[in-house]
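Please go over the structures that come below.
Two complexes come next, and they have one chain in common, subunit A, joined by subunit B in the first and subunit C in the second.
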Partner chain A sequence: MKKIAILCIEDEPEVREAVLRDLHPLESHFIIEASGDTADAAAVLAEFANRDVLPGLILCDHRLPGENGVEFLERIHKTEDYRDTRKVLLTGQAGHKDTIQAVNHAGLNHYLAKPWDAADLVETSKDQLTRYVLGREDVDPMDYLEVLDAPKLLEAIAARGGPS
Partner chain B sequence: MNTATSLLTRRNIALIIALIGYLVPWFVEIPGLSEAGHRLLSIFLLAVILWMSEAIPLFATSSMVIFLLVLTLSDASEDLMWGVAEGFTDGEAPAYAMYFATLASPVLILFLGGFFLANGAAKFGLDKNLSAIMLKPFGTKPTRVLLGLMLITGFLSMWMSNTATTATLMAVVLPLIRGLAPEDRLRAGLALGVPFAANIGGMGTPVGSPPNAISIAALGDAGSVTFTQWMLFAIPLTAVMLVLTWLVLVFCFRTKTPAIEFSMEQKWNKSTPAWIYYATAVVTIGMWVTESLHGVNSFIIGLLPVTVLLSTGVINTREFRSMEWDVLWLVAGGIALGRGVAVSGFDDWMVGLIDWQNIPPMFIGGMLAAAALFLSTFISNSAAANLLAPMAVAIATSTDSGPVATVAYVALACSMAMAMPISTPPNAIAYASGAIRTPDMAKAGLIIGFIGIAALYLLLPHLVRFAGY
Partner chain C sequence: MKPPILCLAASNDEAAPVAERLERLVAEHGIRVSREMDGRAAVAFVAAGSAGEAGRILEELHESAGHSATRVVGVGSFGEGGGKGGPRFDVVVESGDDAALAEVLRDQFTRFVIAHAPDLLEETAGMLDLSMVSGALASARDNLIRLSGRYEVFEDSVLGSPDKRDDELEEAMIHEIDRLFDNPPRVRLGPGEIFAREGDDSPGIWIILDGQVELYRLVDGEDVVFHSESAGRIVGLMSLYRQSPIFYSCRARTECTMLYLQRDGIRRAIHESPEFAGHLIGVILRSMARRNRRAAQLLIKNRTLNHKLTEGKAELERTLDDLRKAQDRLVESEKMNTLGIIAAGMAHELNNPVAAILRASDHLREDLVGLMGEVQGLRGAAGALETAVKRQPMSTREEREARNTLADAMGGDRKLAGELIAAGIRGRDELERLLERCGDIPRHQAVVRVVRGGRLGGSLRNLETCSRRISKLVRSLKVFARDDQDWQDGIDVNQTLEDVVALLGSHLRGIDLRKDYSALPPVKCMPSQLEQVWTNVLINSIQAMDGEGVIRIETGFSESEGMISVVIEDHGPGIPPEVQPKLFHSRFTTRAGRIEFGLGLGLPISKTLVANHGGEISFQSEPGRTRFTILIPPNPPEPQT
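Take a look at the complex of A and B:
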């Protein structure tokens, strides 16, 4: 079974720790990694590709040292490998223009404003990952019944069927 | 990991064993078995290993079985290096088209009709609405709700695939389960009630589960079963098994929770396509269950919903393409293997290995049922039926056990295997939900398997006689 990963990109160490702590409920089923800037994030994604790990969800801050979050998301969205990766901005500082840019050109799926609510972050992540799982032919929705949106996954299982 | 070890995967090992299994009868002479029988044995061994290991998808094995039958056991082998085999039952090799024709067997058309009804039910929410209506009278007492849930699941599963039924009902049950305390045993009771009832409900009609179709097709010239006749012996058994399974679950998983309630609302789709679907479903099922009154056989009626729903556009191109064609191919492989067994004389040889005359007919059925239960606990029910149904027919035609009863033992026992997550897709769904532990499933599933075999042994002969055999 192919593993699915969540990548969190956030430059402030305390904030990064907080996000990782909040994502704890997903640890049983997903690989969770964090980066401090987009250069490191790109290296982590390359490493995922090497190990056959699927990039399921990227939670990205906007203001980062060097390339900013929206630019990074836009850049990877252009490549086939990350087209269906779910992309969420987790930020307090993305302005109007950046956000519009992200929606129109980076395939942004969701916007979470800082400060975030832990339950909201987990629910958003679950919802995005459910969509990711359902969009992939090579992932069995059954493997995520316990942790993601079960009714939606079951609907897909019912439609796919299979012999008894 | 180096290349040497990475090539030794479970899949590759199974493929190698399958190849060896296939080649052995080509080089080893088995006394008393004709040349055609040797070739069939080759294909049979290959099918056993591939269907059991699932080294390649089940339907791919089916395709391979049909292809090999055509290449080595039909008139097409005349032009090939190995030539036509000696020793066919009829004296000559069958036409290759006979094996191709299994892909359009009447029973597959019947099954396709079933797919269309199930597909429409899901599309228009009929399954959920029926569940909501039927659950109401059972109140809120947990044991009663469980009974209601299992009866509904069983009923829907007679017409829809066991997998789809389980997934649909689990979507209703899971939120409720997650609301219960982690130590409450009712969680396991509810999470097992749905897949178990779906497995058992599949026995009820010829379209309920592939083993039923495989068994009906395996009968070939040895006998025939109408839709109504099948229901006459299978429904009482299904009902008895549902109630007994409910008792086992109530006994195994006691709860102190005083009341539970599902939040299900009815949302009836009243669009024109929905009405066309409702009417088609009512007419189709109505004609299926009254086959003995009007005489139009159920296979032919199977094409009615297909034609009506396709030509009215109620089932669209995308939905048509996403039908479970793989299941039809899987079943066709089993039917083709059965044809091969019959034409090659393999059946006579195999039956001749044991002196059946000294074994009471009732005991033969019980033995086959036990074998089917054991096999389908570990492999797909359909694959188990594919392998055992031809054997059952062969044994039945040379003993007094009655062909219909004998294949029914196999088909129904296949549906009673539910001791492990891998036993059936419904079990796998329940297990994946995280609401049960493997020991819970093993304990309840084993008890139900034993009760099932006992029920078959005690009731089936009488029920089959009651159905007119």
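Take a look at the complex of A and C:
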């Protein structure tokens, strides 16, 4: 069974730690990794590919040293490998223009403003991951009933004609 | 063809004898004698029996076409001719006197040829009185000579003669008019009197003898004067020449004396007097030249005005542009003022809660460690807490490497390794030491306690770090709002630099900092503001080099200039040329800088702060070397605030 990963990109260690801590409820079913900048994020994504781990969700800050979050999302969105990866901006500083750019060209799926609410962060992540799981032929929704949006997953399973 | 001689009478019997005698006289000269009233006859002989007959024939001849020039001779004894006031014979000859008839014929024929057929002089030479011909020629020659003299006057008038001034020419013309028209009456006008109106018909011209007139037209409902000085002496010529309605209305400006000449009069005068024609043309030419010059001047003036208008317009546009820019600057500075007030308020409001949070995190740690230390099974957790509190955060890459290393040491348990790293526990030995302090509980339970303790420590550390950052931001805001003005004497600038270097701590980790301090005189300054400047410039350099490389700080004092200099130089990529002119301008959002260093306002604020000290900040930048120089006087004039 292929594992699905969540990648959090955040340059400030304190904030990064807090995000990771808040994602704790998802740790049981997903690999959770963090990067301080987009160069490191690219390295982590490459490592995922090597280990046959699916990049399910990227939670990305906008203001980062070097390449900013929207630029990074736009860049990876152009490659087939990350087209269906769910992309969420978690930021306090993306302006109007950056956000529009992200929605139009980086396939941005959701925008979370800082400071965030832990429950909101987890719910958003679950919702995005549910969509990811439902979009993949090679992932069995049954495996995620416990942690993701069960009614939606069951509905999809029924539509496919029962458990595989 | 030679002109015939006529012999006319009431009857053929009367005409025949005279005609025969005449034929004998002219036959040898090839001239015909006709008894009919035909052709352009040279001489007509009227041989009537009575005076009444003669008068009737004379009348008939006078009225018939083609005989206006014909000389008429009466043959007989009936005085000089017909009725009173009627036509007369040019001469009368006795009917019987052949010699007299021949002489009269010669005389009258000669007169006709000289006056009306000079081209026949040669052909009819035998018929002519040569002495009379030579007299006529002499007289013609005299006339020619006289005429050519008059045409010289004409030429002079038209072409202009160096010894003839304009007023002389005008005077000569008026003199000629007086001669030709027998002193025509003068017209006198008072100032403001109008003597010609635009659009009226004018059959003549006005010659201004004395005084000034002006010519004007109605333009957009207003009288506009076109010629005043340039009106000249003759008015109405254009209309006369073009036989069109008057173009300019004319008005006397001063007392005026003028002559009015009608078209017919002018025609006659030109015909009779080449002098007048010459004067007239000369005066017209001068008059037109004057108006033409005036028109040219107007054109030039117009162009100049247009040019000035264009310039004025451009000037106005520039002024408008400047005003807009000034307004933008005002808005900008207003924004800064508002921001300053808000910042000062925020700084006050934030200061206390942040201080409380900072203190509370300290107290939390003390109490937690104290509390956990008292419980046997929690000492390991307390140790993990204290270790984690002091841990410097690692980069994500370092964290992954540490996790992998730890996982290997833990027999491949990546999950546990991840939890331990997150809890600030980085080695197997460290874990074992902490577990030992957990007392007599199952190992997995002890691990959970140690991890939790470590996480507590991490959270406390984050709480403290972030509170300090907020606290620093508050301080920046206070300085920015100039709320922190505190002039102090005897400050060592080198020491303020050292304080900043100490404060920047972790930011300088990758930097090879080379300090070259000179002994400096004590300075009167606001130390916190200077520190803010050093911080801003240093942070700028650190960021420019991505946190790695050499930064040089150099201080010095120039006694001659009375200035302390602080130079901060980095070896980063340099400031892009397009950004350089804007470097000290206020900006809010254009930089992806870290919020703790003044909202991207670092350098603009620094400029203000240095100016507060009566100093200046400048920079030179090229790829590989950027050098900020700050000059401040040791004893700045304290600004009034």
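Heads up, the rule we're going with is that the second predicted complex is superposed on the first by the 161 of 164 C-alpha atoms of A that agree within 3 Å, B and C clash if a C-alpha of one lies under 4 Å from a C-alpha of the other, contacts with A are read in each partner's own complex, and residues count from 1 in each chain.
Everything that follows uses one rule, which is that a residue touches a chain if its C-beta (ideal position, glycine included) is under 8 Å from a C-beta of that chain, and two chains touch if they have at least 3 such contacts.
What you are looking at is a predicted structure, and each value in this text was computed from that prediction instead of being measured.
Undergrad: Overlay done on subunit A, so just call it for subunit B and subunit C: clash or fit.
TA: Fit: subunit B and subunit C sit side by side once superposed on subunit A.
Undergrad: I'd like to know which partner A:Thr130 touches here: subunit B for first, subunit C for second, both or neither.
TA: A:Thr130 sits against neither subunit B nor subunit C.
Undergrad: One more residue to check, A:Glu155. First (subunit B), second (subunit C), both or neither?
TA: first
Undergrad: Which of the two partners, first being subunit B and second being subunit C, lies in contact with A:Thr85: first, second, both, or neither?
TA: The answer is neither, since A:Thr85 touches no partner chain.
Undergrad: In the overlay, answer first, second, both or neither for which of subunit B and subunit C A:Ala34 touches.
TA: second
Undergrad: Tell me the contact category for A:Asn109 with respect to subunit B and subunit C: first, second, both or neither.
TA: neither
Undergrad: To the nearest 10 degrees, what angle do the lines from the C-alpha centre of subunit A to those of subunit B and subunit C enclose?
TA: 140
Undergrad: A:Glu146 contacts which: subunit B (first), subunit C (second), both, neither?
TA: A:Glu146: touches subunit B, not subunit C.
Undergrad: Identify the partner contact of A:Glu17: answer first if only subunit B is touched, second if only subunit C is, both if each is, neither if none is.
TA: So A:Glu17 only meets subunit C here.
Undergrad: Least CA distance subunit B-subunit C after superposition, rounded to whole Å?
TA: Across the overlay, subunit B reaches subunit C at a minimum of 16 Å between C-alpha atoms.
Undergrad: Help me check something: in the complex, which residues belonging to subunit C touch subunit A?
TA: 393-397, 399-400, 422, 455, 458, 462, 465-466, 546, 589, 592
Undergrad: Quick check: in the complex, which residue numbers of subunit A touch subunit C?
TA: It is residues 13-14, 16-18, 20-21, 33-36, 40, 43-44, 63-65, 68, 95 of subunit A that touch subunit C.
Undergrad: Looking at the complex, which residues from subunit B come into contact with subunit A?
TA: Listed in rising order, the residues are 58, 122, 161-164, 167-168, 170-171, 174-175, 199, 202, 209-211, 322, 324, 326-327, 330, 380-382, 415, 424-426, 428-429, 432-434.
Undergrad: Residue numbers of subunit A touching subunit B in their complex, please.
TA: Against subunit B, subunit A makes touches at 142-143, 145-146, 150-151, 154-155, 157-159, 161-164.
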